[in-house]
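Before I ask anything, here is the structure I am working with.
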Amino acid sequence: MKDLMTESLTKEDATALILQAKKRKGLTWEGIAEAISMSPVWTHSAAMGMNAFPEPKARELMALLDLPAEAIDALTESPTKIWDQAVPTDPCIYRLYEIVGVYGPTVKALIHEKFGDGIMSAIDFDMKIDRVPSEKGDRVRIEMSGKYLQYNCW
Amino acid sequence: MKDLMTESLTKEDATALILQAKKRKGLTWEGIAEAISMSPVWTHSAAMGMNAFPEPKARELMALLDLPAEAIDALTESPTKIWDQAVPTDPCIYRLYEIVGVYGPTVKALIHEKFGDGIMSAIDFDMKIDRVPSEKGDRVRIEMSGKYLQYNCW
Amino acid sequence: MKDLMTESLTKEDATALILQAKKRKGLTWEGIAEAISMSPVWTHSAAMGMNAFPEPKARELMALLDLPAEAIDALTESPTKIWDQAVPTDPCIYRLYEIVGVYGPTVKALIHEKFGDGIMSAIDFDMKIDRVPSEKGDRVRIEMSGKYLQYNCW
Amino acid sequence: MKDLMTESLTKEDATALILQAKKRKGLTWEGIAEAISMSPVWTHSAAMGMNAFPEPKARELMALLDLPAEAIDALTESPTKIWDQAVPTDPCIYRLYEIVGVYGPTVKALIHEKFGDGIMSAIDFDMKIDRVPSEKGDRVRIEMSGKYLQYNCW
Amino acid sequence: MKDLMTESLTKEDATALILQAKKRKGLTWEGIAEAISMSPVWTHSAAMGMNAFPEPKARELMALLDLPAEAIDALTESPTKIWDQAVPTDPCIYRLYEIVGVYGPTVKALIHEKFGDGIMSAIDFDMKIDRVPSEKGDRVRIEMSGKYLQYNCW
Amino acid sequence: MKDLMTESLTKEDATALILQAKKRKGLTWEGIAEAISMSPVWTHSAAMGMNAFPEPKARELMALLDLPAEAIDALTESPTKIWDQAVPTDPCIYRLYEIVGVYGPTVKALIHEKFGDGIMSAIDFDMKIDRVPSEKGDRVRIEMSGKYLQYNCW
Amino acid sequence: MKDLMTESLTKEDATALILQAKKRKGLTWEGIAEAISMSPVWTHSAAMGMNAFPEPKARELMALLDLPAEAIDALTESPTKIWDQAVPTDPCIYRLYEIVGVYGPTVKALIHEKFGDGIMSAIDFDMKIDRVPSEKGDRVRIEMSGKYLQYNCW
Amino acid sequence: MKDLMTESLTKEDATALILQAKKRKGLTWEGIAEAISMSPVWTHSAAMGMNAFPEPKARELMALLDLPAEAIDALTESPTKIWDQAVPTDPCIYRLYEIVGVYGPTVKALIHEKFGDGIMSAIDFDMKIDRVPSEKGDRVRIEMSGKYLQYNCW
Amino acid sequence: MKDLMTESLTKEDATALILQAKKRKGLTWEGIAEAISMSPVWTHSAAMGMNAFPEPKARELMALLDLPAEAIDALTESPTKIWDQAVPTDPCIYRLYEIVGVYGPTVKALIHEKFGDGIMSAIDFDMKIDRVPSEKGDRVRIEMSGKYLQYNCW
Amino acid sequence: MKDLMTESLTKEDATALILQAKKRKGLTWEGIAEAISMSPVWTHSAAMGMNAFPEPKARELMALLDLPAEAIDALTESPTKIWDQAVPTDPCIYRLYEIVGVYGPTVKALIHEKFGDGIMSAIDFDMKIDRVPSEKGDRVRIEMSGKYLQYNCW
């Protein structure tokens, strides 16, 4: 019976293939993103299996990395987004969590002041990350943009 | 003995006073921030007791709101930043938490690619929030900027 | 100083006033909802402080219940939606939680099949509850409707 | 001794076989459900191992997918329903959890108003999911129906 | 405004009144239960606010205890059943929790063997507790009875 | 060195052997229990590795199931009783947990009333499960019996 | 109605009275225990509300401390034993928790070796604490004794 | 590269070897402990990998059990003491946890009374377990002894 | 009865008195510590109620701050050390927690290398905090010193 | 396809190689650290995969330990710092956690007193561990140094 179960590639397999090819070819996420005409944040996230590739983008990526087309199925599937740590421990990610803890109520208050009773969508959403030179030490700039969604009254 | 314990104002008292005066005077956070020459995000956050006011800013704020100077002590104290919900339930704040869960590893990877082995500071940090008009529905733009901090080798 | 802090009504106060007036007048949520031309689900939820009343609806409700206009401010504020029990204990609410645990992945799979890579909004959302007669015992019917939100690629 | 332990198929094995055959044959859950005369929600849920197939339905499904009868035993067993995340992280499932958090007390209040002191069963229960076209963007409609169960006094 | 908020009795108030009257009159739960023609388990549970009294039973109880009728409203309301300790610490209650941990899968297996794919209802449910004399030390006997509920296929 | 570690059978191995033999022979837990002159609840629980078999009972069981004597060692060992879910998710087991949450304080109060300051033992304990026919739908009856243990004063 | 609720003394009240009288009279727990002919561990525990006083002991204690008899009711009630910290933080108590974590499986193995398949009762239980002089620094000796309870087979 | 990683024995391997040899030779923990002139509690704990063997004791143990010297390295390493269950579920271990919950504050109070502001060490610590015959049923006696450590003032 | 319960000062009361007197007199922790000839870390910690004052130090402190002697009892009591947040949220304290997470295993390995199988005591312990000037930005130096405690073999 | 996935060495593999070579060569962390001109704390931490090696240091380490250069890639990657136990159980690490719980607010207060509103960086950070001889028993000294980071006002 087990020969019926020859497994196809999972999203994890596809991620592993991409990470190895990226290293082998000496590419950066910025370079990969540019080559497939997408942003670096989205490209990394989709390569990690946290977003779904549109089929043509998956095809372009596989070609760029000399990877076989068998991974395309996995790359285009809707991911189940799971994270294990309710409170992340890695300092680089924890600082983002801390910002949500400290400034979350402030973001909420200013959205209500500027828009009304609603939220910023995390689905119709995009983000970019930049390096901003500064004499006192360069800065990381994170820019998020999400559609405003108004609560319904019915 | 209890008369020795006539309590002075706490940060919570100061926040309550500010919120009532703001409502009484029909002010907005943007308006208050502009009046004391600070940003709206920082001003709201400090008024909520999550940041400390420099003494002159506390004084300006009390004057603006016709509040007594007794609250200045509380406003200038270093706050103990506490949030109760490890995972926030309010949808407007949860979406920010969700973004950290989904995109945290991506932010980390791109910071490492652009800067090296380090993080974005949540202390030497600022943030702003804008409304961006769009035909498909206006968007919330959140811009964060934090100093890059490099891990030490010793 | 304390006389500056004469507190205005909170959402909790408004809820308590509504519950007492409802009992005093012998009203039902269906009756209240009909009187202010809103649905029972939304009306109860807003009265509990989990949604914000538009100002005219708050005014109509206060009039219906012979309650003073001072509560309108609280009723129209954007609520901070907090629930204490990550896993609810009340059997009536737990069963809903259980349905999410058992059928959540199924809802996700069928949304992806019918719509694509996206979710049902819980913000642009409405719900109704009906009693459906049945010979084997009447049934509760819950109908939820939320806007489909497509994940962004950028 | 170990040859005594030649394991039979588990529910997980059966799910894997079904998912692969579904992909190989290019079927949808709606198509599979129609072919075995069951609803899509129940069919997906049972295929995921969260419900038990009646023996004839398991047989029909295996025939439809050209899968061997050895999986029928696993498909008809009563499942142990386990979910790992008390609070789900995938946004599509989290929104359902959020709805329970925000509207759970409302559902409870309206059930009590319409029926008395009791609950909606999650066992004598069914659910369906539809796509409802709308000019402002199509909507997901989820309809749940569960038998009303009255608390016992004894 | 606050005079609008003269609070009526809550379930907690009613419980406190009952406990004091029970002590004052030197009654037992068994005696109270017999006097209102209900079982001791149900009577105690309802007196603690974990079940709702039918109106006539509430009236009988108040009469028995010489308590005023104002508490009847609270006693007949559908309770929100909340317990604070996911794992109870009191040894007498913990042992019940331990029995569920150790024998839960056994109860499940035997229900499936005797009935099919379903559960014992905790809603259409009753329970009694007896003292069984024994030479090696008297025993506690707990007898639970719940309606069998079959999972739906649809 | 590794040849020193030829592992003997664990309790999990023994459970797997029993489950397969039971299916192969088409036995029920009731039938197995009767054949070894023990109760169904205890027999299932011990077969799952949650209780220890007396050596003769282990021997009888192995003979009944045509299983080799090598498993007897594992079956007679004192188990370490571990359950992973502090709050069980399977509905059939959760309902038992819910009963402890709702009626735990009632069980405690009635034990104190009938016996004094003590508890029902979960060690000197037995349980049985029956199907009770009823016109309104058959019922599950669970009967627990545990020795009363009095708290010590010293 | 509220005058019906003139509350009697709770266990917490009784504990507070005892602690103040103990300080006022300059007594030790050892002294109090000796005066009522009980052990120090049990006496402190019962005074803290974690054990129930037999009526004569409660009476002796009240007399010893010149406290009124009204507290006897509270002292003789069966306590609900609750502790808030699943993992205690106070170092003196945490070390005991740590000993359970490190040596728990060892205690279990040696009980099984010396007695069979059973446990040490925490109900039919007593404990004492001594100071043992030693040249390298005095030692705390804790001696626990609990009845062996054998698991039932049935 | 992988041939560089021929792994040496871990503490878990050593534990497995000891358990098998103990069973093969029909030894008890008491017997093993006596043979290497250590106490049963310490010997079992060290064999489980929760304490480190001094090198000569490890050598004696390996000789006693006819086990190879390769395991000595693992046995003498300082262990990382990890337990998975913050609240243990096995009844035999849980009862110890319960004793800490109920009597922890009492132990603390009596240590402070007998010694001053300090704790019992869990490091400079020993424990023994005995069977104490009794007409009403034999008892388990656990005796712990730890050095008193005084808090520092500086 | 309630007049028996005129409460004496608690550690929390004493802390509040100290904080107010410190502010009134414009003192620093360093200044207070020097005045009573203790270190700043210990002095602050004891003033917060996390350590017990020796009686003469409590007396000196009360004199320094012009506070009444009634607080001395509370200041000299052995504290129950409780912290609410298992993972602290305040960034200044969280960074210390993070250091334990990242470097804890390293501290352990180096203690084992330098001392043997044991730990650094947190009871026979002291700490100091300094400001170290540096051209790249001043640094915080924390120095901890705890007695090495060797694990016992017995 | 799977031959595309010939995995390169992970940080865990590199750690395992280092630990074995260290044992084989009889080195200490102090010795290794000295040989590559880094501190013992940093060297151990980086070898455990909690810090990234600069490429030349990784090369020196591999040469020192006669390990192949293939591990250098893994050693120089930015680690994702994860720890599983929010509250560590090993006593040597727990004591550090306890120190944060007891003295965290004190560290915070003294940093604010000496520097202003800011924190000690855990990124621009170093630590060392020493053995300090003492007649009453040698002591562990841990010295941490982190850059002071001032909160931003904007």
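Note that the chains take the letters A, B, C, D, E, F, G, H, I and J in the order they are written out, and that residue 1 is the start of every chain.
Going forward, contacts are C-beta pairs under 8 Å (C-beta built on N, C-alpha and C of every residue); 3 or more make two chains touch, one makes a residue touch a chain.
Heads up on the chains, UniProt names are A, B, C, D, E, F, G, H, I, J = Cyanate hydratase.
Source: prediction; values computed, not measured.
Think of each touching pair as a link: the shortest run of links from chain D (Cyanate hydratase) to chain F (Cyanate hydratase) has 1 of them.
Between G-I and A-I, more C-beta contact pairs are found at G-I. Where chain E (Cyanate hydratase) touches chain F (Cyanate hydratase), the two copies mostly use the same residue numbers: shared numbers make up over half of all numbers in play. One simple way to say how far apart two chains are is to compare their mean CA positions; for chain F (Cyanate hydratase) and chain I (Cyanate hydratase) this gives 50 Å. Distance between chain B (Cyanate hydratase) and chain J (Cyanate hydratase), defined via averaged C-alpha coordinates, is recorded as 32 Å. Centroids of chain G (Cyanate hydratase) and chain H (Cyanate hydratase) (each the mean of its C-alpha atoms) stand 26 Å apart.
Chain centres here are Cα means. That of chain B (Cyanate hydratase) falls 48 Å from that of chain G (Cyanate hydratase). Shown for chain H (Cyanate hydratase) are the residues that touch two or more other chains, namely 41, 80-81, 83, 86-87, 89-91, 98, 101-102, 105, 108, 112, 118-119, 121-123, 125.
All chain pairs that count as touching, in label order, are A-B, A-C, A-D, A-I, A-J, B-C, B-D, B-I, B-J, C-D, C-E, C-F, D-E, D-F, E-F, E-G, E-H, F-G, F-H, G-H, G-I, G-J, H-I, H-J, I-J.
If you check the complex, the residues on chain A (Cyanate hydratase) that touch chain D (Cyanate hydratase) are 1, 4-5, 7-8, 73, 80-83, 86, 122-123.
Residues of chain F (Cyanate hydratase) touching chain C (Cyanate hydratase) in their complex: 87, 89, 91, 94, 98, 101-102. Interface residues of chain B (Cyanate hydratase), counted against chain A (Cyanate hydratase) in their complex, comprise 28-30, 40-41, 44-45, 48, 50, 81, 83, 86-88, 90-93, 95-115, 118-122, 125, 127, 129-132, 134, 136-148. Contact residues on chain C (Cyanate hydratase) toward chain E (Cyanate hydratase) in their complex (touch as defined above): 9, 13, 16-17, 20, 23, 67-68, 70, 85, 87, 89-91. Per the touch definition, chain B (Cyanate hydratase) reaches chain J (Cyanate hydratase) in the complex via residues 38-39, 41-42, 46, 51-52, 54, 57, 78, 80, 105, 108, 112, 116-119, 121, 123-126, 149-154.
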